[in-house]
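Here chain A shows up in two complexes: once beside chain B, once beside chain C.
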Partner chain A sequence: MINPILIRSDFPILSRTVNGVPLVYFDNAATTQKPTSVIDALSNYYLTINSNVHRGVHRLSMEATEEFEKARISVAKFINAKSSRSIVWTRNTTESINLVAHSWAKKNISKGDKIVVSQLEHHSNLVPWQQIAMERDAQLVIIPISDEGVLDLSNIDVLLDSSTKLLAITHISNALGTINPVKDLISLARKHDAFVLVDGAQSAPHLPIDVQDLDCDFFVFSGHKMLGPTGIGVLYTKEEILLDMDPFLTGGEMVMQVWDQKASWNDLPMKFEAGTPNIADVIAFGSAISYLENLGMDNVRKHEIDLTKYALEALSKIDGLNLLGPCDTNNQAGVISFDISSIHPHDVGTFLDQRGIAIRTGHHCSMPLMHRLNLPATARASFYIYNTFEEVDKLVDSIVGAIEFFGK
Partner chain B sequence: MENEKQDLSLLYTPLILEHSKNPRNNIVLDSADISCSAVNPFCGDEISIQIQTERDKISSVGIESTGCFLNIASSSIVSQAILGLSVPDINEFIKQYRLMIQRQSGNSNDIVILKYLEDDIKKSLDEISKVRDFPIRIKCTLLVTMALQDIKMN
Partner chain C sequence: MESLYQDLVMEHNLHPLNFRKMDDSSSSADGFNPFCGDTVKVYLKVEDQNIKGTNEVESVIVNVSFEGSGCAISKSSASMMTEVIMGKTIKEAQDIIGQFNKAMTENIDGEPVDLPGDLGALCGVSRYPARVKCAVLSWHTLRSAITGGESITTE
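Moving on to the complex of A and B:
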């Protein structure tokens, strides 16, 4: 069981006010707040062990390297990867996907191959594949969705067939909260020997993840959406695939030996981590993982289901408010997108901000999805471990207030 | 860190809301001498403008804008304000409009390029300039100037 009241005392920022009223932070799908333990881990690194990793023989470097690699092991354990050699640090989910596009896809996608994505993708899991499709003369295929934002799999046997080389799919839609049946899709892709990348930016923070059970080839996510600092992303890749991939960036750290005219590559995973890494943030991210593991990811999910059910029920009663997405917590995460026909989402956002409530408004980096829904933008509230039912009440009251203020 | 609470009704005044619900010059011209458009890639708001001239003066304007109340209201107000201006003066108008919104206590008097302003346009300009107290929304009101600075003669 999660007690958000207790949890809140670990997050100093949650006690500040905005516009004279307590902050209600509902923009967790964009980035989450950080607990004191993460902030302390970050500053303790600089206060006590600041040094470069993997190269010094002195004590500080040894301690920093140990902490840095401990975080890698924590992340591997968190997603049940077989080995921490499968975990490559990147800056964020976007960079993880670009790494796969550059180092795997350019070598493995050929003319006429299919790359299958869905209508729910964030730009970060769409644009790199558009680029690869253009460059390799491959075909980009998009799995359509229903009006409720759920994948329409009625034609999946035609879309995902033996010419498919890669299925790159989001686990949870950042814009609508839809949870995709990725395990079923991965089984189907396996039948056609296609590779699978799962965009876990919105799932790793909110659901228990087991990459071996999913059997995906690549799984990507960001630290800052799960209590960690910005600037740290993760690329999980099956080790046998990673071994066969070309480097992404080249230079220091990623080499084994360098001669005048050529170089050989370092072992996994350093082969993919050129230059001094983001040491402090990696260590702090390790602390974020510990925080989530102490809570238990099943409990995190349970708390979000409770909040989402409660919010969906209350919001569905507001006249003039149109809920988007599945509206069913069996296949919806703690993300609620809505549209008020009489008010543009940005105006709703400004109104709520005046009442201290932070939501996201806009196209959520999913313009093709907005086109499909025939909306320029939506308003989105997204929940996390420290959100309370009382905060949902404030959101609902304030939306009613906004509709009154702007006039129907 | 803490900023003073701003009164929303100072920005979303009845007149501004009226502009956004019934934008002026929201028409497509049969023919235009000038057309321009702009998109805010961060929010998806769009605006396209057509201008017809007579003896180098703007004689009619057609504006289509989609998005938030502030973009629509601002483009509606600008469509009224620029009628009668000469085309080369548009650049100066853009400069003054932006200055009005961005400087402390700016108001319609900043737009000196408009030698005569009808009272209702003057009031609309005064009220839209209050967006300065909501800095994150300033870009919504300036999208119309992004379009105008990119004018092309047809």
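Moving on to the complex of A and C:
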């Protein structure tokens, strides 16, 4: 069981005020707040062991390397990867996907191959594949959705067939909260020998993840959406695939031996980590993982289901408010997108901000999805471990207030 | 809230002026705000007219209208804009564009500024940096319609 009141005391920022009232932070799908343990891990690194990793024989470097690699092992365990050699550090989910596009897709996608994505993708899991499709003369295929933002799989056998080389799909829609049936889709892709990349930016922070059970080839996510610092992302790749991939960036750290005219590549995963890595943020991300493991990811999910059910029920009673997405916590994460016909989402956002409530308004980096829904933008509230039912009440009251204000 | 959404702003939002397509426009331009997804199209009908008592000619905006979708700030700003520049010469319109942009970007305290028409009601917007782009979208688009009709975006 999660007790958000206890959790809140670990997050100093949650006790600040905004416009004279207590902050209600409902923009967790964009980035989450950080607990004191993560902030302390950052400053402790700089205060006590700051040095470069993997290359020093001195004490500080050894300690830094040990902490740095411990975080890698924590992340591997967190998603149940077979080996920490499968975990490559990147800056964020976007860079992880670009790494796969550059180092795997350019070599493996040929003319006429299909790359299958869905209508729910964030730009970061769409634009790189548009680029690869253009460059390799491949075909980009988009799985359509229903009006409720759920994948329409009625035609999936035609969309995902033997000419499919890659299925790149989001686990959870950042814009609508839809949880996709990725396991079923991966099984289907396997039948056609297609590779699968799962965008876990919105799932790793909120659900238990088991990459071996999913059997995906690539799984990507960001630290900052799960209590960690910005600037650290993860690329999980099955080891046998990673072994066969070309380097992404080249230079220091990623090499084994260098001669005048050529070089050989380092072991996994360093082959994909050129240059001095983001040491402090990796170590602090390790603390974030510990924090979540102490809570238990099943408990995190349960808390978000409770909040989401409560919010969906209250919001569905507001006249003039149109809930987007599945509206069913069986296949919806703690993300609620809505549209108020009489008020533009940006006006809603500014109104709520005046009451200390931070939500997201806009296209959520999913412009093709907005086109599909025939909306320029939506308002989105997204929950995390420290959010309370009282905060949801404030949101609902303030939305009612906004409708009154703009309807006057 | 009231400093941002003044009654005049709300009135223009609910009942925008000159909010229509123009079939006989002499130029038009599209504006897009990728941050909000707001779109606006500004239509102009410009005619050369004699300056009374001289042989000189000046370009006059004889009609202006807009369409598109946007928030209360962007819609009311566009509505007020059309009201103010209707019948003005191009040179006068450009002066007003300059005054308005200055009020939005340099007046960070949101103090009342003397602006033509109802535009003074938008002075509070400059205190909300995230919303300034909403207010200036139609104005950038107007400038583009005057100078040649390129699509513009506000970032």
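Everything that follows uses one rule, which is that the second predicted complex is superposed on the first by the 407 of 408 C-alpha atoms of A that agree within 3 Å, B and C clash if a C-alpha of one lies under 4 Å from a C-alpha of the other, contacts with A are read in each partner's own complex, and residues count from 1 in each chain.
Just so it is clear, a residue touches a chain if its C-beta (ideal position, glycine included) is under 8 Å from a C-beta of that chain, and two chains touch if they have at least 3 such contacts.
Source: prediction; values computed, not measured.
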Partners on chain A (chain B, chain C) - clash or fit: clash
Which superposed partner A:P376 touches (first chain B, second chain C, both, neither): both
First, second, both or neither for A:G362, with chain B first and chain C second: both
Touching partner for A:S9 - first (chain B), second (chain C), both, neither: neither
Greater chain A contact set [chain C / chain B]: B
First, second, both or neither for A:T17, with chain B first and chain C second: first
Common ground on chain A, meaning residues reached by chain C in one complex and by chain B in the other: 343-347, 350-351, 354, 361-363, 367, 370, 376-377, 405-406
Residue ranges of chain A touching chain B (in the complex, touch as defined): 16-20, 343-347, 350-351, 354, 361-363, 367, 370, 376-377, 405-407
Complex interface listing, chain A residues touching chain C: 343-347, 350-351, 354, 361-363, 367, 370, 376-377, 405-406, 408
Chain C to chain A touching residues, read off their complex: 1, 4-5, 10, 34-39, 69-73, 75, 128, 130-131, 134
Contact footprint of chain A on chain B as seen in their complex: 1-6, 8-9, 12, 17, 42-45, 66-70, 134, 136-137, 140
